[in-house]
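Step one of this worksheet: look at the structure below.
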Amino acid sequence: MRCLPDPQLQKLLDDDTGGGDLTTHALGIGAQRGRLRFQSRQLMTVCCTEEAVRLFELAGARATLLAPSGTSVIAGAPLLDAVGDAASLHRGWKTAQILVEWASGIASAASAIVAAANGVAVACTRKNVPGTKALSTKAVRAGGATMHRLGLSETLLVFAEHRLFLHEEPAATVARLKRAEPEKKVVVEVANLDEARLWMAAGADVLQLEKFSPEQIAACRLASADFSGVLLAAAGGIHAGNAADYVAAGADLLVTSAPYTAPPRDVQVTFGSAA
Amino acid sequence: MRCLPDPQLQKLLDDDTGGGDLTTHALGIGAQRGRLRFQSRQLMTVCCTEEAVRLFELAGARATLLAPSGTSVIAGAPLLDAVGDAASLHRGWKTAQILVEWASGIASAASAIVAAANGVAVACTRKNVPGTKALSTKAVRAGGATMHRLGLSETLLVFAEHRLFLHEEPAATVARLKRAEPEKKVVVEVANLDEARLWMAAGADVLQLEKFSPEQIAACRLASADFSGVLLAAAGGIHAGNAADYVAAGADLLVTSAPYTAPPRDVQVTFGSAA
Amino acid sequence: MRCLPDPQLQKLLDDDTGGGDLTTHALGIGAQRGRLRFQSRQLMTVCCTEEAVRLFELAGARATLLAPSGTSVIAGAPLLDAVGDAASLHRGWKTAQILVEWASGIASAASAIVAAANGVAVACTRKNVPGTKALSTKAVRAGGATMHRLGLSETLLVFAEHRLFLHEEPAATVARLKRAEPEKKVVVEVANLDEARLWMAAGADVLQLEKFSPEQIAACRLASADFSGVLLAAAGGIHAGNAADYVAAGADLLVTSAPYTAPPRDVQVTFGSAA
Amino acid sequence: MRCLPDPQLQKLLDDDTGGGDLTTHALGIGAQRGRLRFQSRQLMTVCCTEEAVRLFELAGARATLLAPSGTSVIAGAPLLDAVGDAASLHRGWKTAQILVEWASGIASAASAIVAAANGVAVACTRKNVPGTKALSTKAVRAGGATMHRLGLSETLLVFAEHRLFLHEEPAATVARLKRAEPEKKVVVEVANLDEARLWMAAGADVLQLEKFSPEQIAACRLASADFSGVLLAAAGGIHAGNAADYVAAGADLLVTSAPYTAPPRDVQVTFGSAA
Amino acid sequence: MRCLPDPQLQKLLDDDTGGGDLTTHALGIGAQRGRLRFQSRQLMTVCCTEEAVRLFELAGARATLLAPSGTSVIAGAPLLDAVGDAASLHRGWKTAQILVEWASGIASAASAIVAAANGVAVACTRKNVPGTKALSTKAVRAGGATMHRLGLSETLLVFAEHRLFLHEEPAATVARLKRAEPEKKVVVEVANLDEARLWMAAGADVLQLEKFSPEQIAACRLASADFSGVLLAAAGGIHAGNAADYVAAGADLLVTSAPYTAPPRDVQVTFGSAA
Amino acid sequence: MRCLPDPQLQKLLDDDTGGGDLTTHALGIGAQRGRLRFQSRQLMTVCCTEEAVRLFELAGARATLLAPSGTSVIAGAPLLDAVGDAASLHRGWKTAQILVEWASGIASAASAIVAAANGVAVACTRKNVPGTKALSTKAVRAGGATMHRLGLSETLLVFAEHRLFLHEEPAATVARLKRAEPEKKVVVEVANLDEARLWMAAGADVLQLEKFSPEQIAACRLASADFSGVLLAAAGGIHAGNAADYVAAGADLLVTSAPYTAPPRDVQVTFGSAA
């Protein structure tokens, strides 16, 4: 399933080639028939090949999906084929390639954390690159992770920056939230073990433990024994290299922004003239 | 000058908080007055603070620009202030912070390459994160670099993938392009020294030397002595760490994608209640 | 706070008067100065006066907000004033009036149910009139109610239509959902008491009781005694007239679509020529 | 014929399920094949089934139109079928259902007034729910009625609020309008019989009789005998229950907003797994 | 009053200078302060100076309106002033100038026909340049003419291409239209005097006489004596040079597309550096 | 290849017939089947028939392209066929016809200049009708000409209005630009022979000779002998009638706005009922 409808894909294309590829046009080669193939250059979890296929179609070519989003491939795996005139292929080429490389970078990074988490849920934050929420969400899911929250409007997450405006006991705050939004869990971000204990006692459903070390997580896990049902979400600085430690320390959920800064995965594009 | 007009900024905001911050609303604190400040947590070339100011305005707050895009600051420097009700501040907060952090990451990385290039022009490619061309272009310029090409429609850059469709001598190709587009330079991407010699001889204005080592650049520079006026653009794998070597080897221009994968620069956000 | 940014308000205006008011133009009265006032004709919870003010501004007039969204007023209360030339006033008039009348209809209906629910939360469904989500959400909140869910992408609500594709015990389903999305509550829609018991036993956090009578709610409440913490949301056919019965029967939340079909509240518009 | 092009339909879908149905995703059932059918639960004039078909296609399913807009059906009639994977069906389901229910409510209400009017034209006002003009217009026509005016920019309708700015005899006003816009009829809204007589004498082509009772209409009809060709449009408070009375009283046209507040017609949606 | 809201004006600007003026940027002069003035180079009816002012504002400058749309000016008249930094002035300059030149060309041409028509209404067709309806409508009105019809959806104009699908007497057609749309005039396009007589007899309200000479108009006028109230609209090939002849021949309305192909009026732009 | 994607074509259609053709609807002929053909009425270089085909499809008909953009045809040549119901054909008719007529006018005018230029490149300016850049660019290219510059953001063109802000020798300016943007040519607009000599000496790559007569061009050509490689672009007042003179005088490039004010080429539309 594509995550971007035609108008947004067209926008990506137009931002790059609103007036077509001038080089192709000036060379007078636009009407010749050609073909191209995308292949992985390295191990990757593929993402946005569906969008890439559609980009070539919008550019005037025909394209075939060879590896859908979410597929794990080794180097050399075919991802998509396109055929059409040279004007269309050159128009769609880089926009499609850059999209797949970037999205597969996120998906592969997410996938690596998921593998390390060994069954504990991995949720990515909303700190995606500005303007890329739909694509980033698709890539996160292609990698087997979930979204921490899509935005501010459907979940309850109490930051210290909210509490600055509160003048009541934590238990009163939690009780008010549960009454106002009975269908949502009350998540509270805390900065240390004392705060964690305070909000567990107040009845929070989930604690988001910001920049806790695995040792601090373990201490918090221990403390939570007195408060049945509270979940611990570890957040801040988590990546594939330390995810297992956080899981071992007792986290119920890993919250991470790491995939958004992952380097793109390389895609090789090979052109041919159509015989 | 802002690079994104209101509708696109509004879209960024709506993608995150279309229905407002539910936590603020459910807590009933939205009407209380507050203020916040953005400060750098580290050395950075600032970018997109103008857009951040406008995001807070669109969210319903008032904001003041303290460090315009392109400013170099040390850790602790104030970037912007905002005042307003808690609903507005919480609505604009993260969208604005993430934007400044990401754009300042690009600008700072571009700035580092520019510093290393010692007066030779640095141009960033069109391999920005999909959908971020306007913001990326602003960040590149904030860092003192220029854009290699905004898109395909206004410049001539002959790739091997174009030449596949040509059946003529290179000199004929260059002559045709110069006749068709007398106001543009003819840029040709080449993969090795032999190709470089071939296209210099054919009359290309600029050679884009793809993944040449500094040594290969130097050899090409030497070869170019016979062809007055040809410019050498080094491209592929260039970053702040090796830029000086490429310049020393004789490149007239450095073409790089490195800033687009730079990590975000940290911005500290401090809330206060408004007395 | 406005819930619609300028481009959408402009669209509302253009849909009605893209080329201006032909009658005003043909009469040649467009440049004369005038003023107008909006007043309630009946008891109402006001909504979208902020948007109405902005519509007049976009139409070329100046306007003053006299009763913000969420205010309860009696008949005759002033809601907004506008001054400007006749072309602008006639251009903005009906679009603004119809918006306030419609939105205040929803807000007033929501407010009546909230009053009847006596402290139990009232949530409105996503069955708003197609294309009006942002405005409808604002009206629901202006009336003191909350949104059941803004959309499908951030909450878990298991319908029978999902269960058709499941081949496992309910407890397994609930356990999988809790592991995959630890920050969300598991809500399950059930059609009768037997289903309710089944999913309480399975560990659901919230049961959405579809078209249960108050008596059936009461029976379900009784049954829930064995399952600590489960919440009961009554849904289907709830309105201001029966909300108290559902609350008395033990519902923890009332879910309703009734406000979306509420009749508009009447707004009186009085023009004057500006002395 | 669809009245909403793809981008607007996509917007409806994205407003509800921008990130897909989380429940389907978390349950892991998205790839299973299924089918569903829409059927009327009651007598109705169907509307927007073409848009519903397209919504399912945009959501990734295939759909078949079984009852086009404008069809009158009894309870149990099939309206559309859709087949596809569970992710697509769940994504499109409610958006499509709510659209057909709402639009068929308007169409059915309009149709009832048309039936009562016995051949006299029925025109619906521009008081549709804000933001729904295209859909509302389609529904009005599906019900056999016409639009009073699509907006302010192409017709002449002189309100008292225009006349406030005029300082001349009615005959002079009408003459000026006829000279300025010879291709349009001059329609004048009047509030009582005296005003009606005044503007008939002045030469108006059509009188819009605002909130006249059938008796007052009849009186006006009588008075109109002296003014050949003037048409009488009854407006304000007209519905299926009193339309015949207005026709009997001599109205040439019925102008009504009643269909816009008609309750939705119920559509039953039945899912099946695809064998 | 502006006829284009900000997003469309921004689009005009971005189409020309999405990334700013590269020349200004590369020269490093962007931050210097400057000013500019628009003046007419010839007699003209000014149009779109309001939009031009806003274009400069969107580009980052401040601007002052000196001659509103609809003003008749001689050569040398000041139209607008702008002040700001060089980057903003260069960004807005040509987009604003070309808009005023083009729109004033239409307005001036319309104005010339209106002057020649000596009080008879002049209506411009919908044959404006594709995509310019709002701007063209403004220019037509600035010149004192009106719009024949804004589109197909609010007026009745029966072409021969409609009649191809009819199999009934003209009188029956007219009667049906009057019953279906009592608030609209029935306009019929005819190609010769025989057709004109036929449709007058049938009861048409207005005849659109397509490509009639003044002599044929006069003959038609004579024939119309038997049919009280029918209006004659002359259409096709009408311009300022022959408009008086058509009026003298008895036309009640002149319908023309001529202004849309009028040459732009010249605007002189003078820059200065700000002291 | 189409130059406008669906949403923009839909916008063109909606601007004209958002609610469909009222005449067709009121006549009740919408469901009858028909066909139509577009044919040239005169010699022309065809443009935008691809867009016209798509407009008919968006209007609900099927259409066949008979003469692609860029084809030179004599009077009577078939351009496209469409079949469908009368509602769809009438909806698409005029929008499609006006588009082809207007775009073919530009293409034909550009083609005439290209023919006269006898192999010297012809470039059209950015002075297209506001809002028509994509369509105008397509038409320019269909006529065999190229675009001078798509916008301000990718080329260097130094106007006197830039030089006002410079305080250095021309050679310094040129050197700075070449260093900052090594991949772009430095184009300088000059107003007379003295300025031309000055900037040739300074090292400009291209001189844009504004409103030079052919004689002045010839003098400049002569002067350029001392400055190897400088190109001369003649601009201002060039049309098909004088293009050969400019070429004979030694211009390397002709820059013109003339095609944008060319009269539309006539297209005949013939309807038939479908047997």
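A, B, C, D, E and F are the chain letters, set down in written order, and residue numbers restart from 1 in every chain.
The rule is simple: a contact is a pair of C-beta atoms (placed from the backbone, for glycine too) under 8 Å apart; a residue touches a chain by one contact, two chains touch by 3 or more.
If you're wondering where the values come from, they're calculated on a predicted model, not measured in any experiment.
Novice: Could you name all chains that are in contact with chain C and with chain E at the same time?
Specialist: Common neighbours, chain C/chain E: B, D.
Novice: Quick one: superpose chain A on chain D by CA and send over the rotation angle as a multiple of 5°.
Specialist: 120
Novice: CA centre of chain B versus CA centre of chain E: separation in Å?
Specialist: Computed value for the inter-centroid distance: 43 Å.
Novice: Centroid of chain B to centroid of chain D, CA atoms only: how many Å?
Specialist: Centres of chain B and chain D (C-alpha means) sit 50 Å apart.
Novice: With centres defined as the mean C-alpha position, give me the chain A-chain B separation in Å.
Specialist: Roughly 22 Å separates the two chain centres.
Novice: Express in whole angstrom the distance between the two chain centres, defined as the mean CA positions of chain B and chain F.
Specialist: 32
Novice: Multi-chain contacts only, two chains or more: what residues does chain B have there?
Specialist: Counting only residues that touch two or more other chains, chain B contributes 6-7, 18-20, 26, 146, 150-151, 153-155, 180-181, 184.
Novice: Considering every pair of chains, which are in touch?
Specialist: Touching chain pairs, listed by label, are A-B, A-C, A-D, A-F, B-C, B-E, B-F, C-D, C-E, D-E, D-F, E-F.
Novice: Which chain A residues qualify as touching chain F in the complex?
Specialist: Result: residues 6-7, 10, 14, 18-20, 25-26, 58, 60, 87-88 of chain A touch chain F.
Novice: Write out the stretch or stretches of chain C touching chain A in their complex.
Specialist: Chain C reaches chain A through residues 119, 121, 123, 146, 148-151, 153-155, 179-185, 187, 206, 229, 231, 233, 252-253.
Novice: Across the complex, what residues on chain A touch chain D?
Specialist: 1, 5-7, 134, 137, 141, 146-147, 150
Novice: What part of chain C is in contact with chain D in the complex they form?
Specialist: Interface residues on chain C, with respect to chain D: 8, 11-12, 15-24, 26-29, 32, 34, 36, 86, 90-91, 93-95, 98-99, 102-103, 126-127, 129-133, 135, 151-159, 161-162, 164-166, 173, 176-177, 180-181, 184, 261, 263-264, 269, 271-273.
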